[in-house]
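Structures incoming, each one as structure tokens.
Look for subunit A in each of the two complexes below; its partner is subunit B in the first and subunit C in the second.
Showing the complex of A and B:
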């Protein structure tokens, strides 16, 4: 007896596996920009003629970039918001009004399946990438740091899911949400620390980034793995990350409840 | 009837405000500032009761309010006003108890996982509705046999034909043994054979499980075959509710008079205003005659000509219903 959400998970995995070839190719292609970004940083350091930029050496930057990419592999949600838009617009959402299934939990299970299949495929290129770059990486983290790091990746997944789902649920009010999505993508890319480490930002911008939830999508997990935060500060960070997850869970739940009420009031 | 009714509907109304887009660029620009709306009364004061185990056909032209009514009864839409109870539940409160016991099938909507074999979707249904293994097995076997799709269970849904897919949809809807099933155009776009199979299955399921079925259709065939009772809706109002045969009583303004002459058959144009010739194959002439004029006409013919045979029949139901749809009758009739 797997329970209904377990079965949704299993069914989603078998569905994702149907497109494994396409998935394999696109996953492999997604690794190409990583190489170019590493080369870009090399050029930046060469051009600057300095060994360090705001306490980051070239090696630090590459290591940071690898770990923030790992964070993004957990927190990015390709197609989640647009999928919700499609469900709302084409009326598939009705299924979740008719059947005793919770839409957000369903989407979460579907996303977990999506990610699991992705990791299965992306595992090999990630291992290759990390082993090629092992000279720039710090050594294996001690158990406490490893646990904290894995936890922060898991929380990054949950946070990314609920932020993107909330955005998608705006489709109940707006026919078109691509505008919002573009803005969010930019904000996310910048303030999550995916573009550049947040430490490199001017202090005012840095202060803004620190109070936003996006830093927990890429910067924070990387900071944990790289030993930029430790001990009490590290666990406080995890606690804040958990609180942000809570905030966005509440937000997406409220949007869904209100959205469904509106849907039933205005018709699909 | 009211105390054993499984569905009760009282003065149900649903009005929509529809945004009117003005023509052209300037119109669109104007629309940004001041929007014009039109009020559409999709359902405008509908009342009926349905007893457990009944199969009721919901008839009406496109836009009559059939689907809107079904959507309210399944909890997808709030009404503007009025009441409804389905198995004692207010549908739009959408309690899990309610949702476990009913099903809505929409002919143009897909509930199955497109890329997976139907059986995977069914296994999922089993978990979602917590269907006991034995019931699941029995119903699946019964339904696949009734519909003749047992060998298609393991084929991805996207590879099935429209008819096969609809049959699978139907199985998905019946697996959890709902007490009330609402079907919106279940046979739309299907060939005659697939239609017949689906109708047989519905009747069988109704007989075996006393399932209450309410279906909309604009195919007369569906209704004639399946329903003892029909509700005709037009412009958001019920214009007829009662036995199928009663429709003709109520709305059939014409009779078909079939005459077989002995000797010379009068020419085609001999009938003038007394009746419209719908078939002229001497010695047989078929006339469409207003009901009130039939006795006088028969009297006259019998006086003047010699006949081998004579019969007076009702026109086909389809024709009568068609007339009801096109007439803008405001009178609300309940049988």
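Showing the complex of A and C:
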């Protein structure tokens, strides 16, 4: 059982390494926006003339953006939903009806390979970035926090995957979902805390953000590493994150099962 | 010249008809652009709730800057980007041959033929933000400033056109795989902020590079300052105009040279 998906993983890894140079360059470039973000917030703090905004010091904000970038590196799934749409529309998905390979597990393995290669390449820029910003970081976390943080990153990956896969599977019902995907991208960008730390939002918007699953894609892992949540609250957060993963696993499975029942394949 | 005007009118009409035939899609596209613009406005609303100025720019002045950014980039995204995205596809499929055999200038037909109409809504959002900003400042620009503003916007447009066309056409040559929209994002990233945030040891080096070597900081902030503060940065305006003229000439030269090495695939 493991052998089959292990092969998919290995093949996907070598596939990702075909466009090596391109991949290195675009990965390095992806870190550029963090420069403007840091400069902008420095100007904001200088303009406000205060040491703290909503319990965040300037150092906290910079560290927050570094950690939320790390969270996004786990939870963002570029091309997953559009890939599913293509498979459904062009009938590629038939392959998975004939072969003894589960479609979602295949996609998950492909994504794990994609991410592993990405981390191999992104490791160097991440290390440089974190060591350049050493002075603003809260220091090496204690074991409990480190474990919780790593767990929340792993869960962020699973959550991001299953949300995006569910969106993609909607193409069994709708011919064109790119408009919808762009809207979700905006919602995700805002409510995940990628745009701005959720603590800085006006309280009503904050309350909405707190009940949505998106906060676990970037804000929560960052909050754990930054020490904005601790102890029982931190573990409760991890539990909620796990529950959200469960909800979206069930959701994507149900969509796939129902979608395949609707799906009609011709020819082949 | 008359022939080119007539051709361009046909491009405008044809692309609009094509895109309007999927009305639902058109509308969603316009709404998506509005959502992203709204998010950006919300971001600065939240930030300005905590401070009165960012690097010397008040909220109202910032709206003028952001609006100007949206006008310039909206124009490029509507009129230039779809052509850039198409260029590598034409090479790959060998359809470039058909464009080259037409009795018109190659750069004309390859870089202005496609227009992304729904994206043009960004220009309207940008102008609305500029108008709101000016109203909050309680200031009405005179005709001279408006004309100067439009000239600077045009030179910013030409600058970005030159950069993107060069990137797209050299991608053909170098067989790069990175999407042209991703490159666009990195080209304009710095222009969205006031140049004054680039201060300090590293910041000022970056600012010099992005002012003189690759003037993205200039092409949006100079027209914005002209309207928001009624102050013309003469040196900045000169750089913007210079960048447009030199950029265009360079892009034309590179475009021609690169196409000459294209060998065709269909014939």
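Following the convention adopted for this analysis, the second predicted complex is superposed on the first by the 262 of 268 C-alpha atoms of A that agree within 3 Å, B and C clash if a C-alpha of one lies under 4 Å from a C-alpha of the other, contacts with A are read in each partner's own complex, and residues count from 1 in each chain.
Here, a contact is a pair of C-beta atoms (placed from the backbone, for glycine too) under 8 Å apart; a residue touches a chain by one contact, two chains touch by 3 or more.
No experiment lies behind these values; they were computed from the predicted model shown.
After overlaying the two complexes on the shared chain, residue contacts for A:53 are found with subunit C alone; subunit B is out of touch.
Shared-chain residue A:97: touches subunit B; no touch with subunit C. Shared-chain residue A:4: touches subunit B; no touch with subunit C.
Within the superposed three-chain model, A:264 lies in touch with subunit B and out of touch with subunit C [touch as defined at top]. Legend: residue contacts after superposition of the two complexes on their common chain; A:29 is shown touching subunit C, with no touch to subunit B.
Counting the residues of subunit A that each partner touches, subunit B and subunit C differ, and the larger count belongs to C. When the shared chain is aligned, no partner comes close enough to touch A:143: not subunit B, not subunit C. Subunit A residues in contact with subunit B (one complex) as well as with subunit C (other complex) are 19. Put simply, subunit A touches subunit B in their complex at residues 2-4, 6-8, 11, 14-15, 18-19, 91-92, 94-95, 97-101, 264-268. Considering their complex, residues 16, 68, 71, 74-78, 92, 94, 96, 99-100, 103-104, 109, 111, 113, 115-116, 120-121, 123-124, 127-130 of subunit B touch subunit A. Per the touch definition, subunit A reaches subunit C in the complex via residues 19, 22, 25-26, 29, 32-33, 35-36, 39-40, 42-50, 53-54, 176, 179-180, 182-183, 186, 189-190, 195-196, 200-202.
Residue ranges on subunit C touching subunit A, taken from their complex, read 25, 28-29, 31-32, 35-36, 39, 42-43, 46-47, 49-55, 176-178, 182, 186, 189-190, 192-193, 196-200, 203, 206.
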